Amino acid sequence: MDRVHQIFATHPNPASDAGQEAFGLVAGAAECAAVCTTCADACLEEDDPAALRRCIRLNLDCAEICALTGRLVARPGKQDPATLRAQLEACAAACRACAEECDRHAERMKHCRICAEACRACENAAGRMRQAIVG
Amino acid sequence: MDRVHQIFATHPNPASDAGQEAFGLVAGAAECAAVCTTCADACLEEDDPAALRRCIRLNLDCAEICALTGRLVARPGKQDPATLRAQLEACAAACRACAEECDRHAERMKHCRICAEACRACENAAGRMRQAIVG
Amino acid sequence: MDRVHQIFATHPNPASDAGQEAFGLVAGAAECAAVCTTCADACLEEDDPAALRRCIRLNLDCAEICALTGRLVARPGKQDPATLRAQLEACAAACRACAEECDRHAERMKHCRICAEACRACENAAGRMRQAIVG
Amino acid sequence: MDRVHQIFATHPNPASDAGQEAFGLVAGAAECAAVCTTCADACLEEDDPAALRRCIRLNLDCAEICALTGRLVARPGKQDPATLRAQLEACAAACRACAEECDRHAERMKHCRICAEACRACENAAGRMRQAIVG
């Protein structure tokens, strides 16, 4: 994601000085969205997907919410603050729920272990971004 | 969106009895996402898009947030309540901000008038869904 | 989706006279995306989701591809023709594959029957749009 | 995107041995989607966005198509080959069109130069993935 870092520095009119936090969230959300998508697919291919229903559901929700949140934050121009705050909250909540569920399967399934890590990293990045915008 | 209504009734294990509200939000969010996408494109093609920067930005954010929210709500199975609540909040906030901005241009540009209507309808549908899940 | 129809007529600079076909695809793709999302969720909640792996996968792919295709077509301004053609092709292919798989389960599961219908309707709408743009 | 690389290796039933190419495309598409999103936002904030209409449009289309394509390829399980092929084609076409347009502005606007690079890298990754699946 080096070019994301580079392009942020070229924006003619960034709305805030939270560029570093925004970049961290764009990168973390992209990784988390991809990892959750792969985890859902892997869970579905396990011997007993019925036991992983909740995990698959949370993976799918988290993947889509992180993908969207990363896209919003990739726009450095001025945004509606209430919308951005609520979306960062939704992103952190989705990551937290998915990480907790994946943790329960992490010993048996390595993809769930990696997914829990990616979710926690993204949750932290969303938290740092929220801190940066509320000041 | 008739088939969405039909398929909701066939789900083997819906998490709540908010099916009517969920259907309303799936339909309202799909309309709002498409209308906001068209409004952004129309604003960009107006004579002076520089005067419509804020409108285009809010259109794009609202389109993506509504598309995602509709997708989450199209899954009648059990979801993480904190995530769903925050996402409904983000959806309502995005619709509100976009409707307010579009209202300012509604006299001159008919697409902004239609867009403000679609945003208000989706904001209401998100509010009804939230009421239904918090009880 | 009445407001989508209305807003299309207000665009200051549409790229083609395929507005009717574009509107048909925006509506058909939104319905198909939502119906496929619900079908995947319903399949996952059936007694034996392992038997429905392929269906769930095709549902998810079709949902996302239709959502994207509808969004592209909701922009009436000028688009890159090669990209649009390839995306319409991908949309039709995803709908076809999902409809064929859902047909195999349609007797036992009503959600798959409704989903196959929505996929066929969207495939047709994508075909009509492609005809309209190639002339 | 290290965790994407790691999780790919844990999938219980990958459909092909194109894991390396798939990972390359997941990473390239995530970067390209984010960079195109930022470039559209930057173009909109330039002094004369009317001169950049075509660039903004192609940025937005490319961002969404790459985001979707990366998500499809992040599922290592079996996919419909015709759909995947068409989607890779759409991704390459969108990247090509966006890169060509951004090249025209690359001297004056550094964000367009970075964006053209990200598009070319993603186009190449899509091409390698297509080669890998057609054999």
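By letter and in written order, the chains are A, B, C and D; residue numbering begins at 1 in each of them.
Assume contacts are C-beta pairs under 8 Å (C-beta built on N, C-alpha and C of every residue); 3 or more make two chains touch, one makes a residue touch a chain.
Predicted, not measured: the structure shown is a model, and the values here were computed from it.
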item	value
Label of the chain whose CA centroid is most distant from the centroid of chain C	A
Intercentroid distance (Cα basis), chain D paired with chain C, Å	21
Chain centre separation (chain B, chain D; CA means) in Å	27
Residues of chain D touching at least two other chains	41, 44-45, 53, 57, 60, 71, 75, 77
Overall pattern in which the protein chains touch one another (line/ring/star/complete/other)	complete
Residue ranges of chain A touching chain C (in the complex, touch as defined)	41, 44-45, 47-50, 53, 56-57, 60
Touching residues (chain side chain D, partner chain A) in the complex	1-4, 6-8, 10-13, 26, 30-31, 33-35, 37-42, 44-46, 63, 67, 70-71, 74-77, 109-111, 114-115, 117-118
Residues of chain A defined as touching chain B within the complex	53-54, 57-58, 60-61, 64-65, 68, 71-72, 75, 77-80, 82-83, 86-87, 89-90, 93-94, 96-97
